[in-house]
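In the two complexes that follow, chain A is the common piece, with chain B as its partner first and chain C second.
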Partner chain A sequence: MRKEVPLVITFVVAIIVMLSAITTGPIPGTSIAISDLFRQHISPWMTIVSAFAVGLASVNLLRVHTRAIARKRNDWIYSVILIVTLAIYAGFRTYVELNLSNATAAANYALIFNNILTPLSAAMWALLAFYVASASYRAFRARSAEATVLLISAIVVMLGAAPVGALIWSRFPDVQRWLLEVPNMTGQRGILIGAAIGGFVTSLRVLLGMERGHLGSAD
Partner chain B sequence: MKLVAGNIFGFWMFLVVAIFTLVLINYSKSGKINITLRKIAGLEAIEESIGRATEMGKPIHFSPGLGDIIGATAAETFAALEVLSYVTRMSAKYNAELVVTIRQPNVFPLAQESVKQQYMAAGKSDMFKEDTVRFLSNQQVAYTTGVVGFMHREKVAANIMAGLYMGEALLLAEAGAQIGAIQVAITASMTQLPFFVAACDYTIIGEELFAAGAYLSQDRIKLGGIAAQDYIKLAVMATAVAGALLMSSGSNFLNRLLVK
Partner chain C sequence: MDFLKKLQNVDRRIIYLLFVLALAIPLIRPIGIPLQISPATRAVYNIIESLDPATDVVLLSFEYAPGSGIDIHAIPVTVVEHLMKRGLRWVGVSFSPEGPLMMNMIIDDLESRGYKYGEDFVNLGYMAGEENAIRLFSLDTSVFTTDSRGNSVASLPIMQGISTVKDFAFVHGFTSSDLGIAGWLRQAVDPLGIDYAVGVVTVSVPSATPYYNSGQLKGLLGGLRGAAEYELLIETPGLGASMMDAQSMGHLLILGFILLGNLSYLFGKKK
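Right, the complex of A and B next:
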């Protein structure tokens, strides 16, 4: 029963969600449309279940970090910072929600987000510039025929995109465009079609309860 | 109740393809057809990387990606959880510590239950600890920072990433490369594939993600699904060729049929 009940719920809900997207009009013998069934009954449950999942995940986060502090693990001070930040942010948000008319509180709440999280995120993304260079260096080392083709293609595409490329040879932009639009696009579409079919068959197996890895079963 | 215009052909094709898939799955299950999959080096490397982690006494890191179990990315996440089941079984077999980091709260209970059940099935319940499956953050950058920090601190021996990835793919893969971990990336995310190819030891692409569960378990039901995938792909290729020929000869019959 522990596995059958979730599988039945998955099947029924998946059929309702699928039909709600592609059908119109009431279900035969009733006055309710499937899209209304989805909107009124399934959608709120999705929100409720997701809220519980956030609760479960937050408890895990707190337990992992309180244990790290209790056992004085390496860099446990970061766990302290995380828990304190979590508490302040949760408290502040609750205050803002309970005092919606207080514009100053809402502005200060946004201030934390805009002045701490946003710059930290930008700093993290900025690392990508350096990582692209180091990853390219490894990928472009001509150790095999395939890597050599990759290296030559990359050089041509870079020269085609950079203004200096056209000065060296006026056809570089045309060759770059052909590389991107013909061999590259062909490969990409092949992978995409294969992945879409794979996704469809996997979804079907989940829908019919044949895929049970997520329930902790290998069979 | 009627089908909305634009979905009629898709709906009937869904039924035809679903019935065809189920028939092949039943044939495979009953042993009427034998399906063998070609060797996928990246999937073979998972066991090797876990063995290496045991020898080094370092943990294995697994990420089921950034996708949720709701919406268009669900199939990728479910496929990633299949890989997680296998990784957990191998971790139990080799007594290697496994740490699973999670971004989506909805994925957390599924991953936790899956890992717990696999350890129990292997008779190694004691290997499951409270911090084996860790929720880091549902913010993309915060999750990435958490994983990168964890990999550097713990010096993981193997980094296995399966599922949907976005802009953080290279940040995660480069962090693994910097600490010398064996890295296996399994994804259908087209835009991130070049980064994984450049930074990981093994990259499993596109539909191979969805075949991974069948390949690793050799389960007849899943193998039947893979065979169906191949036949559907052949049908799609034939349709593409027929469409090109028809359009070239001035007929848009197939085009009109597909958009019905």
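Right, the complex of A and C next:
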């Protein structure tokens, strides 16, 4: 029963979702359309389950880090900081959500977001540029014919993307656009179509109960 | 060849220092390198220019976090500036948790300039569920019963006459993930036939280009460069334009590193 019930639920829900996209009008003998069934019942449930998944992730995070603190693992002090930050931030946000008309609370929450989270996240993102600069010197080398093609393409795309490229040669932006719109697009479309077919086949296997890995082990 | 050996093992702190200088100097003393405007950027501008301020409402979807905001935030800033210049009203929504807060940064500026919340624009907030939430909202906008400030959405003047995403004259997304590209296309753009353009982080431009060329995306703004091009089109230079010289110098320096690294590698190998 632990496997059969989830399989039946998956099958029924998936059939409703698929039919909702390709059928119109009510189900024969009833006044309910499948698209309404999807919109009014299935879709809101999916949103609720997604929201719970976020909560579940927080619980998992707490378990991992409380265990690290209890066992005094290396750098356990960072786990303390993470849990305290999580509690303060989540608690503050919950208060703001429950008191949406309280402009002062919302403004104070925005202060944390705008002045702590935003610059820290931006700094993390910006650090990538330094790694790229260092890697471009040490790792980006013409070691083979394929690597040389990649190297030349990267140089042209970089020069086409930066305004200075057009100053060096006015056709750099055109060549960059060609690289993006012909070889890149051909490759991207191949990957997209391949992934879509793969996704469809996997979905069909899950829907028909042939793929059961997501249900966990029998024990 | 000691020199070649030394060149291959340059201290990374020297590379970092040169990179800081290449970025900082043009920010302090701008060079003013001219910028070409791409057709994908101009397409977004033309769509917004064609809208009627008396009847049309635009939907903006914010799907990015503060980290990627450094590359993408200038895009919604300049698109919103264009909408306000034209007197167009807009509704903001988000299917990523940080989106409403990024939107609020723009809204705070608009309110300080006298624009009215609820009449000129509104922030509906965040809905969990990613693609499913996009589908749900697209079919019925009343799934948001209250906005991000707790106001009843049905009572807001800007929301009058809007019940599905098809009631918006144009939809523009801002995204750092696939959700704002393929997610919107799968759940709303293709099934409902709406006009949709997107602003993406620079690294997503290659993966978004096929959708622009197929016509599914009506316009495409790529990172800071896309923002800078748009700022030039609306004749309001801002964050994007101010960073273009630094970006150019950064690219040139990386190019120099690549050439130098390869020269030392090739000559070192021959020896």
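Methods note: the second predicted complex is superposed on the first by the 174 of 219 C-alpha atoms of A that agree within 3 Å, B and C clash if a C-alpha of one lies under 4 Å from a C-alpha of the other, contacts with A are read in each partner's own complex, and residues count from 1 in each chain.
In this section, contacts are C-beta pairs under 8 Å (C-beta built on N, C-alpha and C of every residue); 3 or more make two chains touch, one makes a residue touch a chain.
Because the structure is predicted, anything quoted here is derived from the model rather than measured.
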item: Partner chain in contact with A:V201 - chain B first, chain C second, else both or neither; value: first
item: Chain B versus chain C as contact partner of A:I27, first or second or both or neither; value: first
item: Which of chain B and chain C A:R138 touches, first, second, both or neither; value: both
item: Contacts of A:Q188 with chain B and chain C, given as first, second, both or neither; value: both
item: Contacts of A:P44 with chain B and chain C, given as first, second, both or neither; value: second
item: First (chain B), second (chain C), both or neither touched by A:V13; value: neither
item: Touching partner for A:I69 - first (chain B), second (chain C), both, neither; value: neither
item: Touched partner set for A:N60, first chain B, second chain C, both or neither; value: first
item: Contacts of A:W125 with chain B and chain C, given as first, second, both or neither; value: both
item: Intersection of chain A interface sets (partners chain B, chain C); value: 21, 46, 50, 54, 117, 121, 124-125, 132, 134, 136, 138, 188, 192
item: Complex contacts: residues of chain C adjacent to chain A; value: 10, 12, 15-16, 19, 23, 33-36, 38, 65-71, 97-98, 101, 104-105, 108, 127-130, 132-133, 135-136, 139-140, 143, 146, 148-150, 191, 202, 205-207, 209-210, 213, 225, 244-245, 247-255, 257-258, 260-262, 265-266
item: Chain C contact footprint on chain A (complex, rising order); value: 21, 39, 43-44, 46-47, 50-51, 54, 100-101, 103, 106, 110, 113-114, 117-118, 121-122, 124-126, 129-130, 132-134, 136-138, 140-142, 151, 154-155, 158-159, 161-167, 173, 177, 180-181, 184-185, 188-189, 192
item: Contacting residues of chain B [partner chain A, same complex]; value: 1-4, 7, 10-11, 17-18, 21-22, 25, 69-70, 74-76, 78-79, 81-82, 84-86, 89, 102, 105-106, 108-110, 112-118, 121, 130-131, 133-136, 138-139, 141, 144-145, 149, 153, 167, 170-171, 173-174, 177, 188, 190, 193, 195, 197-199, 205-207, 209-211, 213, 217, 219, 221-222, 225-226, 228-229, 232-233, 236
item: Chain B-touching residues of chain A, taken from the complex the two chains share; value: 21-28, 33-34, 46, 49-50, 53-54, 56-58, 60-61, 63-64, 67, 74-75, 78, 117, 120-121, 124-125, 127-128, 131-132, 134-136, 138-139, 188, 191-195, 197-206, 208, 210-211, 213-219
